Amino acid sequence: MLNVGIVGAAGYTGEALIDILLGHPEVRITSLSRRSAQTSNICDIFPQFAGRLDLSVGPVDLKQLKAKCDAVFCALPHTASMELVPKLLSAKKKVIDLSADYRLKDTRVYRKFYNVTHKDAANLKLAVYGLPELYRNKIKGASLVANPGCYPTAALLALAPLVGLGLADTSSIIIDAKSGTSGAGKKAEESLLFSEVHGDCKAYKVNAHQHMPEIDQVLSRIAQKKVRVVFVPHLLPVKRGILATVYARKSSKAKNRPAIQLFRKFYKKEPFIRVRKEGDFPRLADVQGTNFCDIGIKEEKDCYIVIAAIDNLVKGASGQAVQNMNIMYKFPETLGLL
Amino acid sequence: MLNVGIVGAAGYTGEALIDILLGHPEVRITSLSRRSAQTSNICDIFPQFAGRLDLSVGPVDLKQLKAKCDAVFCALPHTASMELVPKLLSAKKKVIDLSADYRLKDTRVYRKFYNVTHKDAANLKLAVYGLPELYRNKIKGASLVANPGCYPTAALLALAPLVGLGLADTSSIIIDAKSGTSGAGKKAEESLLFSEVHGDCKAYKVNAHQHMPEIDQVLSRIAQKKVRVVFVPHLLPVKRGILATVYARKSSKAKNRPAIQLFRKFYKKEPFIRVRKEGDFPRLADVQGTNFCDIGIKEEKDCYIVIAAIDNLVKGASGQAVQNMNIMYKFPETLGLL
Amino acid sequence: MLNVGIVGAAGYTGEALIDILLGHPEVRITSLSRRSAQTSNICDIFPQFAGRLDLSVGPVDLKQLKAKCDAVFCALPHTASMELVPKLLSAKKKVIDLSADYRLKDTRVYRKFYNVTHKDAANLKLAVYGLPELYRNKIKGASLVANPGCYPTAALLALAPLVGLGLADTSSIIIDAKSGTSGAGKKAEESLLFSEVHGDCKAYKVNAHQHMPEIDQVLSRIAQKKVRVVFVPHLLPVKRGILATVYARKSSKAKNRPAIQLFRKFYKKEPFIRVRKEGDFPRLADVQGTNFCDIGIKEEKDCYIVIAAIDNLVKGASGQAVQNMNIMYKFPETLGLL
Amino acid sequence: MLNVGIVGAAGYTGEALIDILLGHPEVRITSLSRRSAQTSNICDIFPQFAGRLDLSVGPVDLKQLKAKCDAVFCALPHTASMELVPKLLSAKKKVIDLSADYRLKDTRVYRKFYNVTHKDAANLKLAVYGLPELYRNKIKGASLVANPGCYPTAALLALAPLVGLGLADTSSIIIDAKSGTSGAGKKAEESLLFSEVHGDCKAYKVNAHQHMPEIDQVLSRIAQKKVRVVFVPHLLPVKRGILATVYARKSSKAKNRPAIQLFRKFYKKEPFIRVRKEGDFPRLADVQGTNFCDIGIKEEKDCYIVIAAIDNLVKGASGQAVQNMNIMYKFPETLGLL
């Protein structure tokens, strides 16, 4: 049995992690902590775990983490994560970090989008970007995995075949993404109140969202040239799920190659990618509560429209984190996730 | 034209008041204020008013209220209201107070349910409870109207005929009420987040809600004896609306008198009460955005089931406040409300 | 491995059954059928099962059911069920019937509430009412289990201790229940459209719902006298979940016995009942997606208020059906359900 | 007073028309009809109108329409409309048609997208496309106005300045639109059930929606060359509202001209267009229940992102129909709409 700790257990990704790990046959949750100073039983925060888990959640306690855990999931807000992660790594723990702190390789970009200076450049270099469909081999040997953002997961899985196979004009990529509210976390903000969000829909951080450079970074690596996408996120009156509608013009290499087949081939061995049939597009309901990313493709004469759906708390966060853990510890990749 | 001010204009009842008053032919909104120290244009807070109203909202300014208003709507949280109201009354303004501060005649009960000592016993005595269907005549001459709470409005309109005509056993009254989230105001609380409320329903303040003594007070007055109801409010994943399902055993006087006819007669001249046909019950959609209270009645051998629906922000707050203003200023009672 | 068939697999309870059974280590789904004449792959109906189940769903085929199944879950609409069940029982299959056809022992009551004459009185006599918390021993040896309705499950679990221990005045029971829309099934009716239900709440079948006699039947058996409840169901803008708020006056036997402790004792060994602490009440979110029934209790001087929450598709239908299967086949009762 | 009839009064656009016209000081509703053979009082269909309107709704009765109406709003499904409209025009009635039947000038395109042959080519030629911001002068003298589709209204108001002023590369236009469910009408379809739509979001008719040629037709007219947009509509779990997020590359003419100012100038005299400030984008809540179209603009080095929000039942249907009526009858254009 692998002993794991969850730091940041009181938020939505923490909750989803607990739920998944309770069903994982090779894992024992041994430590829960959160940022608040208050200590309480996890079931007082999440009554649905009553009868399934009996652990207290208190402030982060490094000693406890060292003593009780082999691996730690860090579900802290960005900046808080890079305070803790170096200490865990020093103590020889494997870390799967769900914050943004170890995703952007360029610390200037990090500063621009997160308004703080990066403090842990050393580990940033070692961190592996935890998108298994692209970086499985590196994840296998990693001590620190930077679990991808929810939007980048959906967008990159929709775009990787187009860019990787050279089908798309990389200067023309537009990502119109729609997300449920749990992506914003459990923050008591007026704009996230039920009375504000119910019956509403809006764009926000229009072409300025902090997940944009993360997408650009990976696509640039794939394309081996600078790629800059247009990215507009929208807030849906939905708790869980991301739908990314991606538009790209065809490149000259794209002619005469049916995209659905190419996507199928590209993702042939992937247990969590389901490419839909011609004319069939995913909806959030198809993936909510699962670690799947469903992808539908419409190919026009000059362009592609690719629609990817994930559950932002599972494939977009906690499920993907467990998938990464499975890879790191050589468990079957789908263990606890189907 | 009557010049009115709205104190507490940035909340949901303030918003609803502005919306209604902009369509009122005899009223001009001349002053808007709120509790926060920040000053901004009302359209920065509520973009939907752009092109319809151009006023700034700043902290409460007594001088401005005195200079510019004939009447003031006070949509402040309780306790804040009783600080301001005496000053407005001294300045000879008529006040319609939407807080709980002037509703409970017994200051000990007020202290018990609101956890503060009442500071304005003098005006409390003069305040008229603003439920037009019961107290229209007193409202006509009032300087200070205590606008009823949203739950009491629905519950009392469902119960007034039963208790007033002696049909119900007053010891058996149960009110199972369901409310939309705007009743809780625009407060950034975790429990009111979209991610928490969406897809959920729960009871809260079970038989301990602060609106319970307000209901008891009015029913006791009607029954001319002490009445204590059982009252369980529930939070719905809905923005606007209250559905009150009321249960009461029949009294000995009830036999052989068909309740629907008695309700129809009781509310015969009421412009905002609609008693439904046999077997027909209101839903929230029938009253949302209106000042109506729709009532459906099911009469069993031994008991009554009465279901009342209102929009908590209109008949349960701002609409009823305007109805009270119409009565106080001798405008037609439905002016601006149909 | 137990081979099971699901008849009525294309509806919401069928979907929930498949989802649960795919995670059950002792079960193999070998047959899926539905009422429509159309045959298709289950993943064309429920894309979320792609990669997890590959079976076709066609019209009910008795031969196939006989050849491939040990046990059959019947998730047909009432009246359709009693056509098929006798044939399955003749073929020595065990049947868990999720319809209402085998719940009401009195065929006159059945006719009154379902508007059809019962056609299978013989098996009706043998059917065991599948509420494990009350009838576990009978379920063990049953060939035909009548799986309880969703409202009765919630209401009876809230009321069984009160009535069973003689705490409540059985003439005073009021059940104010709130249900999500999946309880109405996947029927294309105008009143169930998103545009109608969203933002709305209403009572329906006020004190006339077909689940009322089912509740009365069980409570009468427990009380050993005729019990008739008042029952008002409401439709919530929620997909899954039932919240039953139950009111009862105390009987003379009730004095001085703290209800929470009595409930705890009553349900001591029950793996799916969670009695909440004093002052703590369940919300739908606590039980959605689970087979738990969470119960909160408020005890007043003269009455009890008991609030029970279940997921109508799990404990209120498919989860309870699997719980019954576990009991019938001597699997651990929680297998596949935690 | 203008006497108007509404044909198709039982649907969502009919309901919105009644609501608006009841508040219009120059209009009297004299006839209501619908497609069903059933006759009932309008308040049995829409209880919210009780006390405000007392008219029966029966099958379409040409005689009654001729006798009682000056103008007729036709809110029938497409194809049903072109059966009735010629008869109304022959009887010298002015008609505002809310169906798609008189919008597409090319009957081959109509056949392709609506799967029926057009039957009224004569009146099709005379019909004026009722988008006041573009065709006000023609509407003034029209006998038959083809009220625009909901998606085209939002998309065209976002695009008209870009295309009209030559700012956009017309080969690059992408419209990612999100709509509430009332746009699909009051049809009892499984895919529109609350249980299906709640918590979900999906694309549909991907680049194949029947509103696409309507957008192409108007943009081609404005650009004076063939324009073909990419158009992907999405279904939101919302009753009312459309958010259109529009992307276009800049043309060579675009350089150095700040788009917000150009939009402001373009819509200077428009009472229902509100161009937002830099960095400010509309949400559905800003326009729900109103006839406004709010527009936010983000200008990048190479492209524009324009976001338009409307209420699909008001500016996208019934409100715009009343705006057209106001223009046709020389009432102030905003009468009954503010």
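List of remarks:
Labels A, B, C and D are assigned to the chains in the order they are written; within every chain, residues are numbered from 1.
One rule holds for everything that comes next: a contact is a pair of C-beta atoms (placed from the backbone, for glycine too) under 8 Å apart; a residue touches a chain by one contact, two chains touch by 3 or more.
None of these values were measured; they are calculated from a predicted model.
With chains reduced to the mean position of their C-alpha atoms, the one farthest from chain B is A. For B-C, the matching interface among the pairs A-D, A-C or C-D, defined by over half of the contact pairs being the same residue numbers, is A-D. Averaging Cα coordinates per chain places chain A and chain B 46 Å apart.
Work out the mean CA point of chain B and of chain D, and you get 37 Å between them. Counting partner chains per residue, chain B has residues 196, 198-199, 237-239, 282, 285, 288 touching two or more of them.
The touching residues of chain C, counted against chain A in their complex, run 47-48, 50-52, 198-199, 271, 274, 276, 280, 282, 285-290, 292, 294, 338. The part of chain B that touches chain C in the complex is made up of residues 174, 176, 178, 196, 199-204, 206-207, 230, 232, 234, 236-241, 243, 245, 247, 281-285, 288, 296, 298, 300, 303, 305, 307.
Every residue of chain C that touches chain D in the complex is listed here, in rising order: 12, 180-182, 184, 186-190, 192-199, 237-239.
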